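Should a chain be cited, it is by its letter among A, B, C, D, E and F, assigned in written order, with residues numbered from 1 in that chain.
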Amino acid sequence: MRPSGRKPEEMRAVSFERDVSKHAEGACLVKFGDTHVLCLASLEERVPPWLRNAGRGWVTAEYGMLPRATGDRMRREASSGKQGGRTLEIQRLIGRSLRAVVNLEALGERQITVDCDVLQADGGTRTAAITGGWIALHDCLRWMEKRSMISYDKVMKDHVAAISCGIFAGQTVADLDYLEDSSADTDANFVMTGRGGIVEIQGTAEGEPFSEEQFNGLLASAKSAIGTLVEKQKQAIAE
Amino acid sequence: MRPSGRKPEEMRAVSFERDVSKHAEGACLVKFGDTHVLCLASLEERVPPWLRNAGRGWVTAEYGMLPRATGDRMRREASSGKQGGRTLEIQRLIGRSLRAVVNLEALGERQITVDCDVLQADGGTRTAAITGGWIALHDCLRWMEKRSMISYDKVMKDHVAAISCGIFAGQTVADLDYLEDSSADTDANFVMTGRGGIVEIQGTAEGEPFSEEQFNGLLASAKSAIGTLVEKQKQAIAE
Amino acid sequence: MRPSGRKPEEMRAVSFERDVSKHAEGACLVKFGDTHVLCLASLEERVPPWLRNAGRGWVTAEYGMLPRATGDRMRREASSGKQGGRTLEIQRLIGRSLRAVVNLEALGERQITVDCDVLQADGGTRTAAITGGWIALHDCLRWMEKRSMISYDKVMKDHVAAISCGIFAGQTVADLDYLEDSSADTDANFVMTGRGGIVEIQGTAEGEPFSEEQFNGLLASAKSAIGTLVEKQKQAIAE
Amino acid sequence: MRPSGRKPEEMRAVSFERDVSKHAEGACLVKFGDTHVLCLASLEERVPPWLRNAGRGWVTAEYGMLPRATGDRMRREASSGKQGGRTLEIQRLIGRSLRAVVNLEALGERQITVDCDVLQADGGTRTAAITGGWIALHDCLRWMEKRSMISYDKVMKDHVAAISCGIFAGQTVADLDYLEDSSADTDANFVMTGRGGIVEIQGTAEGEPFSEEQFNGLLASAKSAIGTLVEKQKQAIAE
Amino acid sequence: MRPSGRKPEEMRAVSFERDVSKHAEGACLVKFGDTHVLCLASLEERVPPWLRNAGRGWVTAEYGMLPRATGDRMRREASSGKQGGRTLEIQRLIGRSLRAVVNLEALGERQITVDCDVLQADGGTRTAAITGGWIALHDCLRWMEKRSMISYDKVMKDHVAAISCGIFAGQTVADLDYLEDSSADTDANFVMTGRGGIVEIQGTAEGEPFSEEQFNGLLASAKSAIGTLVEKQKQAIAE
Amino acid sequence: MRPSGRKPEEMRAVSFERDVSKHAEGACLVKFGDTHVLCLASLEERVPPWLRNAGRGWVTAEYGMLPRATGDRMRREASSGKQGGRTLEIQRLIGRSLRAVVNLEALGERQITVDCDVLQADGGTRTAAITGGWIALHDCLRWMEKRSMISYDKVMKDHVAAISCGIFAGQTVADLDYLEDSSADTDANFVMTGRGGIVEIQGTAEGEPFSEEQFNGLLASAKSAIGTLVEKQKQAIAE
């Protein structure tokens, strides 16, 4: 049995709270159980230097954790003077995932930065950030459409959402929390679009190597969970 | 008239939300109008190197702002590689203010770090952080008392709270929001205890120098506002 | 009694030595007793990026301490890779204080940087830096006037000087040296103009909170001391 | 057709040159075509601070690129003051991959660092680094065995090797070079053991999302290629 | 007797391997015995900011060491966040030495960076880097000449090469290896041109100060060795 | 003729001012004409980590320049976040030079740091720093002897002093000031002991390479100048 008491395929309670920022063009407080991530999209009328005059825009992400988002307080990255390897790896993943569903030419020469700050962590912060980041990006693009800056349908190509699946006590489980993640044999993150296309797969054997068969089980579980997440995204933006 | 439509002495709606963290020993989401600061107290069973074997503990604070807490997105300090002068100045002020009401000997050889992270900024973030930080510190000390680590009454000497007052359009006003702060002639931050003792005064003439008389007006206004804040703290911890 | 043997209101010997630099447009070696600060003003025909084409100039300050300016050698900030919070706080204060008496529009699109480097420290380095920095700024503006770049009287609006006052052994004392500062209950820095306007007040309770009455005593003492400092500035620039 | 003229499943010429260091305990210059990586294993009789007295050792990796390993010169990371996100991501991957086949308890309280420095880059540097890094690790463990520090067979559990596969012009191809990598639709890196267990999977859709079917094709191709690489490792260490 | 068994004036085996890079405009793997330095010249069509529109180009160098180039593994400079004083000192020396034989006006507004990365160190890395760096620079200029960008003979004024000489066990010896360097009383590096002009002399007494007479002995020894090195350069570029 | 109007061998006015610090164990304000360097020696009862329990002490130096020590204001190194290559090179040279005349075993397990801060620069700052640094070191050792910590004569082995010589307009000149240094063909720094032993030679051809004959002229000129400097040191410490 899972420490959380959930069934193997059972996800945690997922919620998206929109309109949580006075300032940002798009905003979403996403919760996957006790994992809470504030996703704020910022529009800027400029692109990174290496993209100047290229006729297209850019979507990027930054990721951070409050020092006491975790069980033990971690050192503040601003104070230690650099972002750690884990932080950089995650924010690159979020950025790639969001760009996978955006038509950068149709966006025009602008940059959208989605800041994903973990207010409370309990496993799966990167998958929550991608899934909630999409909502913030959606609201930012709707904000732009209202001001006749873009046509939403030309820029946003699809939904994107993410889930972690793992092998825990010999069984395939979905949406691992911190306790499960810490003792899972294998942990994999999947990013997929609303139409079921795969955007990213990152699977790691924490202990013993895993087999192709086991991996296929993880992928099947992820497909189902991401389908559910996309449904929830649709409900959230319909409100 | 004030841009906010408030009367000169009128503060913004102030609220303290406790129990907002699964992990921290003390926690408070404080709101001064649209200024929202998450204050999380972390207890560690060690002291800074320069205080080892000195027979007393330490209370310190760290301050941060989410990049899009503000109207324009600011660069993430973790990414720029250092904390700016404003950040360092504010976190030193919060730390001094909280230490002013703590008996460090009675705390024992432990450190409490109060992380104050601004989720949304609209002026007065440092005064909200001090006022809400006190609640987080209070809850941390109660947490310790429950575990028989300390006697709360020996460690916590008094309340501490803070407010900004300024001279806006020739008039003394309390609790400036961002718009008022930007065009005030003079801006002063006051930190006082529950018994009315002064812990910190920081007054700055933004435009013309101010007179002793004007300053006394600011101080009187601050006294009254801080009295109100302390009352609200008492209600919050009584719940 | 004060460790220095001085009477409560008695300041240390104050002197301003001008023309101490072969290169700088304005220069002053200021001494408040054993506190020695070299203030050098540098004129540059450019403004910070955020002020470009705004039709006005900028006055800023930088502060540093030689590693052995103090009783124990401190680590060189250039070697530790960053300026500490105290340094940043002080140089921001010096800059604000000097700008309070300068008409930035009349200065034109230029920047004056006043470097205040502490050669020897014995308490009150920031107040000495502001008071001596004003002399360096004055000489820089006279240098510019000689070259018909500005009209001095339009740019320089007033004198500015600073003093620290504190409560030591229950008594209000002026111009604390290091020994007094280390054991004072309350320490406050005041920055005022030649006409008595207040530019900055920074008061901190080191031990017990202080009362409004005590604070008014500090302010009165500061007023008197700053009056004396401004007189000394006038003598210095008349030579 | 592939730009390299290779058949879809055809790998580049792979070679392992051992004994290329006067100093290192294990060394291998690995070449995957024009991608050349120097892998040097260093043994130290200490472990990272967080592993002290835990009764086991550690294997870690560092990755670097000479500034002109690439077509355009890149800025030297030592000069820019930090390792980029890509570098950190890759060296974490190499470390995890090597640890997957090492019994850390049997290693004892020692650390082996495998430095993988890219002398020339033409795509696939991380897969070459893992595959050649294993040889360097092997030689380091043999060096230790000769000195009776460990029993090789208890420490080294299996081979580990890696390959990148991608979808290029609609076809599954193995071992992408830089030109192919730049225009592939999907790029995935696979790390597997000698017995066929999967250690890491990292798949990224560069353009369009990919399907489960396409991914299975990549995995099959990787399995075959890694089988070949393990054979070549066996020949190399038999010499 | 020398630890290396060489005669006092005997240099180590010196070799230059050209065409060792798929990408660089000029390349040379230089070996002075067990000291191996990879020198790669990169041409860029831009100059440093301070040289813009000055009508001339720039030649500069960067120096690095692989972490395990040495007997004990050293910390990677990219990871420690800065280049050490020794590194900066050496790369400044290499840059000055190469510029001494280049006509920067005839080069045009371009920059050539010669990266000298030590793959294996056994003393004399800086002298090997200068001597091999000249070959890389030569090949880069020939590459440019082929593309009619410059006239080689107008840009390259002479050869430049370098050697270390020292006083070991009371005797003048040439081309010290690490073991000799570690226990030499005096160590001096000499950089000279093909025509025998002196470009740089750096002599340091490690233990006892040395006399003028001893220094003249070192200089004579260096002259002879550099003559030999220049001959070897001529052979290398003739191939 | 020299821009300074001096004769070829003529040095600038040299002076040593002792007792210029309230805090440092040894102190000297050295002036070579308009080059002014404050040298402060600090004694610490600990050694660097790599020298622990080695039964000997350490002498080291740090070098800095006030931002406006020069004609144009330079960026403060503390603010730019690192010490430049020139700074590191110079402070390493000063440290080596002073250690050349100290018996580190006789010093005991202590460290003396000589901070050399340039208050005003006009060429020759490193040679002034070495020459004045010796005075500060001398006074520090005498301070220790008074407290029976060491025997001065066992620790201090000799004087050390330094001078720059160059070839200016075809002529050998001593003690170059900034103007001469900027346009000299060759610039060399010499460090020698009181008994005439050579500690360091650093010669650089700024334009054309120089000949052995020219170099010998520089060395002869340096010998004479350093003899004079040592005489002046003797007078200074006799006062």
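The rule is short, and it goes like this: a contact is a pair of C-beta atoms (placed from the backbone, for glycine too) under 8 Å apart; a residue touches a chain by one contact, two chains touch by 3 or more.
Just so it is clear, the structure is predicted and the values come from calculations on it, not from any experiment.
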For chain B and chain F, chains touching each: C
Contacts common to chain B and chain E (chain labels): none
Chain pair among A-B, B-C or D-E whose interface repeats that of E-F, sharing over half of the contact pairs by residue number: B-C
For chain A placed onto chain B, the superposition rotation in degrees, Cα atoms, nearest 5: 180
Intercentroid distance (Cα basis), chain D paired with chain A, Å: 28
Gap in Å, rounded to a whole number, between the CA centres of chain E and chain A: 50
Two or more partner chains touched - positions in chain A: 81-82
Complete ring sequence of chains beginning with chain E, oriented so that chain F follows: E, F, C, B, A, D
In the complex, chain B residues that touch chain C: 82, 84-86, 88-89, 91-92, 96, 100, 188, 192-193, 195-205, 208-212, 215, 219, 223
In the complex, chain C residues that touch chain F: 21-24, 34, 38, 40, 42, 44, 62, 64, 66-71, 73, 76-79, 81-83, 87, 113, 115, 117, 119-120, 122
